[in-house]
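Shown next, in structure tokens, is the structure this report addresses.
Order as written gives the chain letters A, B and C; numbering starts at 1 within each chain.
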Amino acid sequence: MVKAELDAVVRFERERPDVYGSAHPKSLLRAIQEDGDHLSKMTNKHIYSADQFDRESLLQLFRLAAKYEANPDRFSTSLQGQILISAFYEPSTRTRLSFESAWHRLGGDIMSITDRSTTGIAKGESLADVGEMFNNYGDCVVLRDTNANSVREMMGALRIPIINAGNGTDEHPTQALADLYTIFKWKPELITNPGAEKINICIVGLPSKMRTVRSLLKLVVSFADCFGRVTIVNDKSRDEMFADDQLQQMLEAGLEVQTSDNLDEVLPDSDVVYINAIAWEGNSFNQYGKQFHIDSQSPLKKDAIVLHPLARGAELCTSLDNTPHNWYFAQARGAVFLRQALLTCLVRRVERVLDIV
Amino acid sequence: MVKAELDAVVRFERERPDVYGSAHPKSLLRAIQEDGDHLSKMTNKHIYSADQFDRESLLQLFRLAAKYEANPDRFSTSLQGQILISAFYEPSTRTRLSFESAWHRLGGDIMSITDRSTTGIAKGESLADVGEMFNNYGDCVVLRDTNANSVREMMGALRIPIINAGNGTDEHPTQALADLYTIFKWKPELITNPGAEKINICIVGLPSKMRTVRSLLKLVVSFADCFGRVTIVNDKSRDEMFADDQLQQMLEAGLEVQTSDNLDEVLPDSDVVYINAIAWEGNSFNQYGKQFHIDSQSPLKKDAIVLHPLARGAELCTSLDNTPHNWYFAQARGAVFLRQALLTCLVRRVERVLDIV
Amino acid sequence: MVKAELDAVVRFERERPDVYGSAHPKSLLRAIQEDGDHLSKMTNKHIYSADQFDRESLLQLFRLAAKYEANPDRFSTSLQGQILISAFYEPSTRTRLSFESAWHRLGGDIMSITDRSTTGIAKGESLADVGEMFNNYGDCVVLRDTNANSVREMMGALRIPIINAGNGTDEHPTQALADLYTIFKWKPELITNPGAEKINICIVGLPSKMRTVRSLLKLVVSFADCFGRVTIVNDKSRDEMFADDQLQQMLEAGLEVQTSDNLDEVLPDSDVVYINAIAWEGNSFNQYGKQFHIDSQSPLKKDAIVLHPLARGAELCTSLDNTPHNWYFAQARGAVFLRQALLTCLVRRVERVLDIV
């Protein structure tokens, strides 16, 4: 390569908006009045399921996340002296780095475990004993495991908080929190003026197999008054589509729930489109719904936003990246701040960041 | 799960004494007068074998560990600017996290190597060259390897201190230090009034194969006047039970050494019961003494304490966890502070933490 | 071991000069006048190829590296608040620890990825998406991959700087920077009095296969007036020896380029001898030039210095370690400071360390 060509190749821009329209958290910050009591209540509960949050606690979490996102450099000592045990027994880079970045930015220290085979579990150690060990070494645990029961077994012995970062096909609560946070950043009026303008959400995925979708639908239930219709798009029967009592929970909350196997029919009437194709089952991943994909030619509403927990494959075409529909990159960015908010509460440092203590 | 049930599942307590009776280090702190000279002598020696410590140095190490344990948040900048190279070529989570937690709590930075195959050793690099590399990158090394000679080979080239965190079946000196520290926290009068009330220690394990046991017995030799009888319990012959001159070393120190294959006969007369079943040999672990185990029905003395280096299996029943005999969790917790004390000395930061410099 | 023997085994010296003659950076520091403008220009370019540096920028980088090396403890907060993503998809300990040590010493935080199989790439995620993820989580990326195209693919999406730490057989620019930095520390007069006393450099290796050699030769081109002759020693034909237009680039710069398969014939006339035997190709390494090796009996010029990117094997005999020819350990040590200089520029912190802003 000649030098001029090389120079062009290595040059990069630091500023490039990854969301058209306003992803700025300030609107959300103004939409919610601070009430630290709800956050103070979170100091002695593990984060296991999206079912455990009530509406007010969610709003305060989102407000704190928005405060962090609006002032990313201000709180750099909030977690000083705190140690996170980042235990990813199931492979992950995205979620692990999201948590670790959140913790580092607030001044904390981290110990990572990325290989299940190096742990005492390989020696037959119980998860309760692993939990007791963690009590002595750290202040907070984040755990991801293919085995859906691991986090529950560990919780029984823990005297420090643990966040379920994905347990098999069961749940991934912080991803769902990040997703709903993104939706409210996009439309704060859903909170300030609930019910005035309901939105329709289309979810391309399989709730029974995808923990991100399962968790998200539980949170949607907490804000049922914001949503007009929830449409689940895949090629399974209703029986295969939902696990446990998820469908019933949604209907009891007053949501209108539809299912469809025709994505292009649903898109023109959807305000939020959430798509995912991968489910971790056992020790590998499976893809569901290969026939469903979205690209710049899809019949999306003009102002519709697209979300994806990432990593993505062919189901979410890169032709959408430079369109105003792309809120999936903002979703990933916001997830760091959402996790900061949650972690701050769990290790009892929230008084350091509230305006009113 | 209904919400009330979920709420009960995710709720946790931060305070739950894991040792009945007093594990508090203050008694030990009062029992030993500070004499920093013995700690200052430790700045230019690698930590290789439990044989290299004399009685006075051990007491000062225990005192410093007790000071750290009594004031866990006070010394958070003692290791500021120092880099630990945490090299665990043999899989471990417990010991690695114990060292890393110790280092983080004192404000230091860490670089971890957890996979032997990613190192230059895979390219045929000598351990001496690896040591020379470490000289340029860090201030202290912790090494665990299945190969018993690795630490010795690396020591020849190192100009920064290294701690042997377990070399094959040979030694694990810091574990033994933590074990003896725990015993003295339990009974400081062993130090203040040596010889007045000797204790009997029962060790269920195989000294010739278990590095934790080998190292511990060497330290017991340094405090022979505290111990009445040492009984080794396993199903091997005396020839197979001890390696090198360990038995001779113990006898020459004046210890009464018994062996037995009947645990329940030994327990009623034992004050400290140390049990372990796992030995790392080659690239995997073996279990010894499967027929020996302790549970809440075992004929333990009323005030006997049980120790285990962990990870444990069936040999140490969970029915003992909520009894006053359980000092194995306190043992794991104290190990962090013991390692803090040792690391502080090795990187020449002990003047920052002594009362009298 | 008796105690006296053990005491001798565990004792170590902290000071032991690893370079005879002066490796001290002060002479280089005096030889170059500070001009921060060249460093400020480096804030928006990825570090991809040794071809992208001009002479003046190189001199300023070397000056800053020398400043760091002369004052290793002074700048311990330069990178405070900055997060490095240390992504070594191809196994490495040496280069990874070199970068991580550099970053830690300046007060930054690190997230490491050491196993390609744990990443989203295993799920089929594009490198562009991985880059977009990194944008949200860190401030700088260091990447090594056996696939030569990975860094280029990632660069397209990155809005934070990335350093190519080795891409297949293509380049390893920071290693070459460290090598030239070492040469100028050894002979600052090459800069202060260019052309007066040209040096001959002998390179034992295969430019077409060894990325360290390829990168180094590109930098030699930038300082062609310092070098009399460049002799490449291996057993390949000229056609196999060079890739792309490397030979042409060297000749056009006015360098005298020789090739030889007889090392002992070349040594008596070489001032700098650079030797390497390993090349990473695909997912493993190959050795080239097994018949070439240097030891204390080799016909080296009296004041010749030997460089090696390390890890070394039989090609560089340990009998040279304690001779004045050994500048390969100084090379490794200096590489940390060179990387500090580069990283400081990339994350826009150079104003914190310049004398004149």
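Definition applied: a residue touches a chain if its C-beta (ideal position, glycine included) is under 8 Å from a C-beta of that chain, and two chains touch if they have at least 3 such contacts.
Computed from a predicted model, the values in this text were never measured in an experiment.
Although chain A and chain B carry the same sequence, what matters here is overlap: shared residue numbers make up under half of all numbers found at their interface. Taking CA atoms, the transformation carrying chain B onto chain C includes a rotation by 120°, reported to the nearest 5.
Centre-to-centre, using mean CA coordinates, chain A is 40 Å away from chain B. Each of residues 112, 114-115 in chain A touches at least two other chains. For chain C in complex with chain A, the touching residues are 44-49, 51-52, 81, 83, 85, 109, 111-115, 117-120, 122-126, 128-130, 132-138, 152, 155, 158-161. Remark: chain B residues 1, 3, 6-7, 9-16, 18, 73, 76, 88, 91-94, 97-98, 100-101, 104-105, 110, 112, 114-115, 278, 285, 310-313, 318, 329, 332-333, 336 touch chain A in the complex.
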